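Heads up, the next two complexes both have subunit A, just with different partners, subunit B and then subunit C.
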Partner chain A sequence: MSVTTEKQSFSQDLIASAELSQFTEATASREKAFEDFKLVGLPDGKHEEYKFAPITKLLAKNFNADELYSKPTASNNDLSSLIPKGLGENCVVFVNGVYNKSLSKIKNTSKVVIKSFVEALESHLHVVTEGLTEIAESKDPFALLNSALWQDGLFIHVPAKATGEEPLYIYHLHDATEKKVASHTRLMVVVEKHAEFSIIERTDSLGKHPVFNTINEEILVDENAVFSYCKIQDDHGDLIHVGNTTVHQKKSSRADTYTISLNGKLVRNNLSIIIDGEGCESHFYGLYMTDGDTLVDNHTTVDHRKPNSFSNELYKGLMDGKSKGVFNGKIYVRPDAQKTNAFQSNRNILLSDTATINTKPQLEIWADDVKCSHGCTTGQLDGEALFYLQSRGIPKDTARAMLLYAFAGEVIDAIKDEHVKNYVDSIVSERLHKSY
Partner chain B sequence: MLKIKNIHAGVENKSILNGINLEVKPGEVHAIMGPNGSGKSTLASVLAGREDFEVTEGSVEFLGKDLLAMKPEDRAREGIFLAFQYPIEIPGVSTVNFMKTALNKIREYRGQDALDAVSFLTLMKEKIKLVEIDQSLLSRSLNEDFSGGEKKRNEIFQMAMLEPKLAILDETDSGLDIDALRIVANGVNKLRTKDNATIVVTHYQRLLDYIVPDYVHVLYQGKIVKSGTKELAMELEEKGYDWIKSEMEVA
Partner chain C sequence: MSKDNQVLEEFSSKEYEHGWSIDLESDSAPKGLSEEIVRFISLKKNEPEWLLEWRLKAFRHWLTMKEPKWPNVKYPPIDYQDIIYYSAPKQKVQPKNLSEVDPELIETFKKLGISLTEQKRLTGVAVDAVIDSISVATTFKEKLGELGIIFCSFSEAVREHPDLVKKYLGTVVPSNDNYYAALNSAVFSDGSFCYIPKGVRCPMELSTYFRINAANTGQFERTLIIAEEGSYVSYLEGCTAPMRDENQLHAAVVELYAMKSAEIKYSTVQNWYPGDKDGKGGIYNFVTKRGICAGDYSKISWTQVETGAAITWKYPSCILKGDYSNGEFYSVAVTNNYQQADTGTKMIHIGKHTRSRIVSKGISIGKSQNSYRGQVHILKRAENARNFSQCDSLLMGDQCGAHTFPYIDVENKSAHVEHEATTSKIGEDQIFYCLQRGIDEEAAIALIVNGYAKEVLKQLPMEFAVEAQKLLALTLEGSVG
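What follows is the complex of A and B.
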């Protein structure tokens, strides 16, 4: 039997065995998503969007089809050690895909609604179902799979004009000390007009059994609202992760997203930014620093649908060992989106002969009065710069760390929240063995 | 202080230096002159430890130690300083942080405690005056978007901070207008003591009006073909390098 047919059969096993009847809520949308999933199945190596990310192959190797959606299990271990010190004051914690009340601490004012997705389906059905349309239209196999099989999730509603709220930390923790885990969670954030909010999301796991996690995230940033979102992917387990994040921006809103990927087996981020109003500003940054056999695949899309908006994308990668980086950046400028300014930059440094990067910018511009640019570079550490620092008495390893830190620093410096910036800075510094 | 004996060096089978001999004593200023391609910058690079060049023969002794066996950073810590002909731009690393790291690494090597923030700042302010460099430049990324003059002044500022025993100025005058040249030379002169030495590598005589050498050596085809005092530089300026070339061909 060839490898391809094995994968196809894995996909068919999943379709044949998945029991949607175990879920009692949102059954109609689950069934629709599953019907759509059946049409596409799990992506194989020929799938254009997944050709560098062998997720199906990894899943087939590590899981039985029925293990991908089994009922989540509780953890008997104390996972609080996975929450960094000082960053657990205002947080929501998911353990193996399920909202964990005892580890969560919510300090936000009563103005901001933070509740489990299941509860929100009752109290905020209208908002939830309206917001679900973008991702429901997604043809991404894992977005569809998540829409059919999600176990739990979080709903955040920031009412109009709510500002000065504390940033919320969301932890997705997995306990794989005894057995493998699969989890599917959702996040929905609605930031109403003139409101401001920021979220920091971190994944981590305990134990070395494989973990498969999908997250569907939908974020609506309404008129004049400001939203900031930082994902820190520093998972110490054997994580296979697929995130589908959609940020929908309305008129004069601003969104900043940061995707910092440092660890995990295979991390795939599909980030889609929809600029659906004039005068929007969108900044999205990525930093992937990988080693070992980690694969980080960032697919980003910015869709300019309305005129006079600005988007700026900067993704930087440092790859060591046998690790792999993938970057695909799509910019769409629709016919109506005149006077759009859209910039994209992807820069990579390969630190070993065995590390690889596949990078591809994709610009599709239908408007004629726009300013768009893109650029990507891949290289090695600059030997001249290294010598310059050494010639001033700085040892080679310190000089190397300084240069790599400076490279990564461009992304870290862009993080506005001081706590988050300091935290990211500390893990990046530790990673680089920065000792100066 | 520095004893260069019969140095041969080159890149990928191409020989550039063909037997250089030179001795530099504390307190002395030596000028190395020569036409383009004569090996001046290669000599400076070999002394600083640039890995692109392979030394195939000869030895260099610095303060009694085998210089060629040392890594570039150890040469710097022993007291060698190279002012680069083309100082490199390093985005994301500020001159201040860079100097603080360098200075403390050198102090660590010498068994001294690291300078605290206040002492470092005091020292920096003192050296800033010496080289007349704009302080705001130093908190910016190293040399990024600096003018040619600012880059060279930054080199001399770094030299002032690190207080080397032997400074090698590699074509520090290239790309400088006369005012910048005067400021850079002034900085170098103020840093001169009876205990340190300077090697000035230059194509033109005009820098030597400001940094007056004790000895002038002319490099041609990878060898020192003529040595003398500052008058030799004047003669070169007058007659041009063709004079040396034709003299060599006759010989």
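What follows is the complex of A and C.
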């Protein structure tokens, strides 16, 4: 009981002390979000969506309420080493939640508008406000918290028919060498009609102090546009991350999302795909490979609002050590969304006796002329396959790594961008060879 | 398509066939619920002190609990003070054979097509008929007695076998387990008790027919089945209820206890009054059913065919405690008009090498909502546990809904858990294929639905399978013929 009260009081502390007056921009939407946040508060262990992710407990343990919204601090260390070589040519870097122009390199040949969120509030006010209202409708406590307390963000506008653009890398770096860091970042991407664009996002940090990071992402993919989004978490510090990503798809658009979670203290990804037009195609893939006491929680929702669309989901997990994997995949098919095809698959392998997996694939169907299915498996490595490889003279550890690599390969192979694919491939294989 | 709709409409307008009421002189408690009522029920049934205490404890706990809101169902709030918690058909002397039983009761069974005499003669099934909370006739008792099998009403068990009841009551479903289990524990009226001694294979299917009869009477049965080491029993439960306008609450508790190498097979055909086609009336069926495989190599198998009740809320579960124990759950749930069903199972794997299998088939028609909610939990020490779950939903009509909420929690790496679910409608190509071969549309739908539910229906004991198929055909009548 005492733990619950402690958590509640942490939530109350936060509500009581949060100073919205420090912000000068978008104050109306902040206040509305904060009013909504007050109603829900930080989720406790009984919250259905946060049952297995004790974020509030971790926050209460590691932070004081006022540390969650303090002004961002600059970093004195050189963080450029955190940017992987070869992937930094067209990139935007955030340091402790603030857009860092000196580390960012944006190719100016591009037609794409990339600017800080605060600047965009002036130049693209209309688009931004609309987006803010939409995400404010989310009932997720951390999405609301972010909407109230965001410090900085990025606005990306891809004009109509813009194709062949270079992918954009976004790095969220945190310097926790000296003190704790809490950052709240937003991202808004508007891909106009017939345009094509792709984004790769990655978080990382220096130092061992706890880092709390929330990111709200609002992505609008307009008619016939193609968008690809890859989120990589391979954080070297004690990261507590909550990401809320909403992809809004219009008629005949296509979106591919990849969520790769490899490290961190507690990583929670809320991915929500809204199919709001006919003839859409949406693919979303996830890979979580965890070790130590990492907890990765993926909540995905695909909301079919219009007919004749297709969605396909594949999430795979490898849990080792004391790590925990959580998966919740929801498929909603609204009454109007006839002729929807929606597929979902979640496969997990537990590698140690102390690792756990909680999964909840969920279908909610209100239309009759649909084909929907989900499958979910949990098991261990196939003993016979392992034996086969060993009998051919391959050492057990290598054989194991090979099999695990093949398991993860299904997701990696689905990544279309060659650079990203090679990059993910290299970190995954490095991980596998290091561990086995 | 229009013919499709027409067929569905005809089918949707099919009224409940078993709707009638018989005037039995009720010996009822006043409306409402309080400690006095709990004492009244206990007194009425001449219960020993410990049972009264047990009821009161459950009642006091119930007062502190809140009605669960998580099921995916909607209904107006229930006024628990507007329910009569006890009513018994008036009978001065316990009947020794059928001829002494109230002829009106016999008539009741005849209307249902399950007359006791016929059951006795044709199928050899022993029937413990529960009408309005009290057991009226128990047959084949002597025959079972020879084998040492106890099969009687719950109140009789309390009188005759208090040690057994005291030892096992509430061990599988504790009195504070959930809101409705606590309510049942406080006010349960009667039910069935079954005890199979060591090494005995029960030679016949044991069966109970429940009916809700007097208006405004919530029925709170309690069933307790104990299978000793190496024994086997197959138990059948079936329900129909007369047409009513007020919603009736039905909160039963079923506890199964299987010792080493014992096997319990529990089959249900549920056909409570589902409300009329505008969603008025109907039974609220909030049931807690749970079995424990306490010993190694034990097995519990649940089979259910759910066609009735305005709201169904039940999760027959297995606690697989013994090593190598086995749990099974087979379910067909059909919802029509405004019916809502939230049903599924829980498989808790505690012992090593435990296995479970879940097959759930949902059919939603009209404006109904059908949900599967289940949990497979593999605990840390459950080495080599194995689970397979399959949940399929069939949608007929564009205003119904099918929902799946499976929870899979695995804490042991050697576990092997598979889950799959599909949602679809009857394929036009399938119907076309049948039409092409001279099978009309109604028969085609019947054929396809029967095939869809076959995997579950074949699990039912023969005597029951006939009734279940009849019931399914009846539910689909109009569209099927």
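Please note the rule applied: the second predicted complex is superposed on the first by the 429 of 436 C-alpha atoms of A that agree within 3 Å, B and C clash if a C-alpha of one lies under 4 Å from a C-alpha of the other, contacts with A are read in each partner's own complex, and residues count from 1 in each chain.
As a convention for this text, a contact is a pair of C-beta atoms (placed from the backbone, for glycine too) under 8 Å apart; a residue touches a chain by one contact, two chains touch by 3 or more.
These figures come from a predicted structure and were not determined experimentally.
In the superposition on chain A, A:L403 contacts subunit B only, with no contact to subunit C.
Legend: residue contacts after superposition of the two complexes on their common chain; A:L20 is shown touching neither subunit B nor subunit C.
Shared-chain residue A:L389: touches subunit B; no touch with subunit C. Of the two partner chains placed by superposition, only subunit C is touched by A:T377; subunit B is not. Of the two partner chains placed by superposition, only subunit C is touched by A:E364; subunit B is not. In the superposed pair of complexes, A:N348 makes contact with subunit C only, with no contact to subunit B. Taking subunit A as the reference, the larger set of touched residues comes from C, when subunit B and subunit C are compared.
For subunit B in complex with subunit A, the touching residues are 48-51, 71-73, 75-77, 81-82, 84, 87-88, 90-93, 98-99, 101-106, 109, 141, 158, 162. Contact residues of subunit C toward subunit A in the complex are 70, 378, 380, 393, 395-425.
On the subunit A side of its complex with subunit C, the touching residues are 48, 335, 338, 348, 350-353, 355-380.
Across the complex, subunit A meets subunit B through its residues 382-385, 387-396, 398-399, 402-403, 405-407, 409-410, 436.
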